[in-house]
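Structures are listed in the sections that come next.
Below are two complexes that have chain A in common, paired first with chain B and then with chain C.
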Partner chain A sequence: MGDILSNYDILGAFWVTIQLSVLSAVGALVLGTVLAVFRVSPVGVLRFLGSFYVNTVRNTPLTLLMLFSILGITYILQIPFSQEASRNAYWWAVVMLAVYHAAFVCEALRSGVNTIPAGQAEAARSIGLTFGQSLREVLLPQAFRGAVAPLGSTLIALIKNTTVAAVILGTAESAGLLAQITENEGASLPTFFIFALGFVILTLPLGVGITSVSRRLAVKR
Partner chain B sequence: MTTRRWGAVAATAALALGLGACGSSDDGGGSGSGGGSNGIKIGIKFDQPGLGLKKGNDYTGMDVDVATYVAKQLGHEAGDIQWVQAPSAQRETLISTGQVDLVVATYSITDSRKEKVSFAGPYFVAGQDLLVRADDSSITGPDTLDGKKLCSVTGSTSAQKVKDKVPGVNLQEFGTYSECVAALVSNGVDALTTDDTILAGYAAQDQYKGKLKVVGQPFSEERYGIGLKKGDTALCQKVTDAIKKMIDDGEWQKIVDANLGPAGYKPPAGNPPTPDACS
Partner chain C sequence: MSTENVLFDAPGPRARLRHNVLTGVGVLLLLGGLWLVYSKMSERNQLQGYQWSPFVTDSAVWSDYLLPGLWETIKAALISMVLAGAYGLVFGMGRLSHLTWVRWVSGVVVEFFRSVPVLLMMVFFFFGWFATATWLPNQYAPLAAVVLGLTLYNGSVIAELVRSGVHSLPAGQAEAGLSIGLSPGQTMRSIQLPQALRAMLPALIGQLVVILKDTALGTIVLYPELLTAAKTLGSGYANTVQAYLVVALVYILINYTLTKVAGFVDGRVKRRQRGGGGAAPLPVTAAAEG
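On to the complex of A and B.
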């Protein structure tokens, strides 16, 4: 077990996992918020676009999206991020993780919007706020506070889903490194436990934190 | 007792992780199927054209033919063989938990593997090579990979070796070789690297015939052995004798020609090999 730790850059691999998680979480939050606004907007076309996106992306396997980004977009459509294969795969993995989880962020936020009594939106309109203003000043702040718990679950799922990136990213990332260690040393329990422990360290405090934050931020009604 | 129980836990975990690997071996627990039957369980690859391929209920490939021959020498008719899927990452576990008796699955003999299982053989010496598009003459070996895009499988020995040999190589890694072949055909990458036997198997597939070629400059030596339970010297000796007989009576040549010949593949130097002594 000692030589597995010293022969392989496990910390480096988990650092890549953290990078993937943070970058794609930011991307997913931005894109998911835009989609949620689409889905609650008064414009029919936007609502349709929002629900079309969510239903398509949410029901597509992430592995498929990952492979499509390289085999389809990079090779056939010729849209690479970089000529260097590993850089290109890294950024496409970030984009695909963000694109995929944006659908879940959108639904979490929409559920947050739905916790707000309809009277508040009506009150906002009646004092003369536009849709944009009522969204910014009244609805979204409360929606985010009400959606902390589902957003947290989405973030935890995202962190674990970064392992899917191993299908295009190689051994830079933790699941890919696990494949390499298994190839060289054979399957062994200590190796599995090290990687499982790594993910527990990443996600468990997050879960505890999210529960307390969601309790503190919940809108008292 | 404790070790065995942990072994069972490890096997279960490995099976669960390997998805879809299950199916064929449902008597689990490895509680010795020896009984009265004359069956033998052999682990092979199910997804390697030319080496070990499952199509419907038919199994074809060099490893399958070698395994059938060896099993016959051990007193098992072809019909008594139960084929078990042995993906690379699970081979040691399948052997040590007794879920298979032999593993014949492009299984390179290495020192770290010898700590967990015993090997008979080698029955074939393969080498790491490059697969390129048939009309590409610019790649003739690992030294000509500068500025080229290369493809291999995540974490595989081949991927690690090529990183050592050509530092800074532009390497795309995928989960399986099939994706690399698809990328090669669509001009996404310029070469695919792994054992020449595996490459020859892909090049010989109907849909790629004439489109791909193996470069033929192997830059490593992979000695394929037959994996069996660690320390079972008696079985190892019998399997080694069977391999020797197979090479001597010309069956070895027939098997190689039939399975890898269609791709224009010639076994590299060192073939047919002399099996190591059992220890």
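On to the complex of A and C.
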């Protein structure tokens, strides 16, 4: 057991997990917000673009996106991020994680908007608020409160899905490293539990925190 | 109620003008994106007839590569769904048990497998267990790893669905069962669970989409599913990009149909609920990640 800990860079692999999570979460939040604005906009073409993106990306396996980014986009279409293979795979992993989860962020934000009863907008209009005021003072605050819980579960899903990057990052990533250790050293339950524990530590407190925050913020109806 | 009605007033002349401008921007965005894909594809000679025509003219592409791959994908998804359903039912009821230790053990098991990535489980089960197991014929090792990983994760998600389905029932349902003399177990089995399962149905179909997508992880543990088939096809016919695009389309069509079915069932459950009380359907979108 001590050998495994000293011979393999498990902490390094989890550091990669954290980096991938943070970078792609930021990317997914930005892209997903743009898409959500598209999807709730009164402009038909933008709504179409938004829902086309969501329906396409959400129904494609992340593994396919990852493999395609290297075998298709880098090798054949020749659009690399870097000439160095590992750097290139790293950044494509970030991009694909962001692209994939942006669809879920978009749906989370939209479901937040959907929690608002029409009466709220009508009340805002009838007391004479302008469009901008009613959006700023009445609608968006409620929408964000409603979106906290689904956004949180998207973030947790994202952290776990960083393991899929192992298909292109190999042993630099925790799932790839677990595969290598298990192949070289034979099966050992403690090794598996170390990796599993890493993810429990990353996701469980986050889940508990998000639940309590979303309960505190929930709009009583 | 559509969202635009909540957020936006009926447009006046100025707003209509603004919408027309934004429509123009949207169209430009769409055309720009399409042009970018087209120019990059033609620059790298990816629009040649020989790369695309096999999908229509050469039946071996489907009969030797894609259809067997699709069958393996569906097989793994269906087995996992059935097993995950059974597992979810057992642990979901465990979490609702009136025995503290049963509740506690089920809670720990469910929370653990929900927070461990599916891929970690598959990799460990395959390289650490099934690939070297003597009791399991070698060709079944990848399938077993894929199914076990998917079952443990999705079963735990379903267990949570069972729990929240039962919790969402009006308290009067259980009280009525107890007051006519049923035991807590009987109340659970014959009154609460049937209603909870009906409310869960849309979310369960949504979970099938998650399972189907996650079978693609099987490619890492050498399971010959659809994505693996795309890879072999691409190197055999020198049309990697095209093979991936076609396979993505297959995934999208299947999953989109399933999502639509889930939405349809959701509507039916809601209608029945308006008619005669009972449990509201659980949200589908919450489960459809992963």
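The definition used in the following text is that the second predicted complex is superposed on the first by the 196 of 221 C-alpha atoms of A that agree within 3 Å, B and C clash if a C-alpha of one lies under 4 Å from a C-alpha of the other, contacts with A are read in each partner's own complex, and residues count from 1 in each chain.
Operating definition for what follows: a contact is a pair of C-beta atoms (placed from the backbone, for glycine too) under 8 Å apart; a residue touches a chain by one contact, two chains touch by 3 or more.
Keep in mind it's a predicted model, so treat the numbers as computed, not measured.
For the composite obtained by overlaying on chain A, chain B and chain C cannot both be accommodated without a clash. By the touch criterion stated above, A:Ala89 is placed in contact with chain B alone, chain C being left untouched. By the document's definition of touching, of the two partners only chain B reaches A:Thr74; chain C does not. In the superposed model, A:Val113 makes contact with chain C only, not with chain B.
Once the two complexes are overlaid on the shared chain, A:Ile127 sits clear of chain B and of chain C alike.
When the shared chain is aligned, chain C comes close enough to touch A:Val40, but chain B does not. In the superposition on chain A, contact of A:Thr171 is made with chain B only, not with chain C. By the touch criterion defined above, A:Thr182 reaches both chain B and chain C.
The superposed model puts chain B in the path of chain C at one of 41-49, 77-85, 131-139 or 185-193, which is 131-139.
Judged by the document's definition of touching, chain A residues 67, 71, 75-76, 166-167, 178-179, 182-183, 186-188, 192 lie at the interface with chain B and also at the interface with chain C. Chain A makes touch with chain B in their complex at residues 67, 70-71, 74-76, 83-86, 89, 166-171, 176-189, 192.
Chain A makes touch with chain C in their complex at residues 39-46, 48-49, 55-56, 58-64, 67-68, 71-72, 75-79, 104, 107, 110-111, 113-114, 116-118, 120-121, 125, 131, 135, 139, 150, 153-154, 156-157, 160-161, 163-164, 166-167, 174-175, 178-179, 182-183, 186-188, 192, 195-196, 199-200, 203-204, 207.
Across the complex, chain C meets chain A through its residues 1, 3-9, 11, 15, 19, 22-23, 26-27, 29-30, 40-41, 44, 46, 111-112, 115-120, 123-124, 127-129, 132, 209, 213-217, 219-220, 227, 230-231, 234, 240-241, 244, 247-248, 251-252, 254-256, 259, 283, 285-286, 288-290.
On the chain B side of its complex with chain A, the touching residues are 6, 9-10, 13-14, 88-90, 92-93, 112-113, 116, 149-150, 154-157, 159-160, 170-175, 179, 182-183, 186-189.
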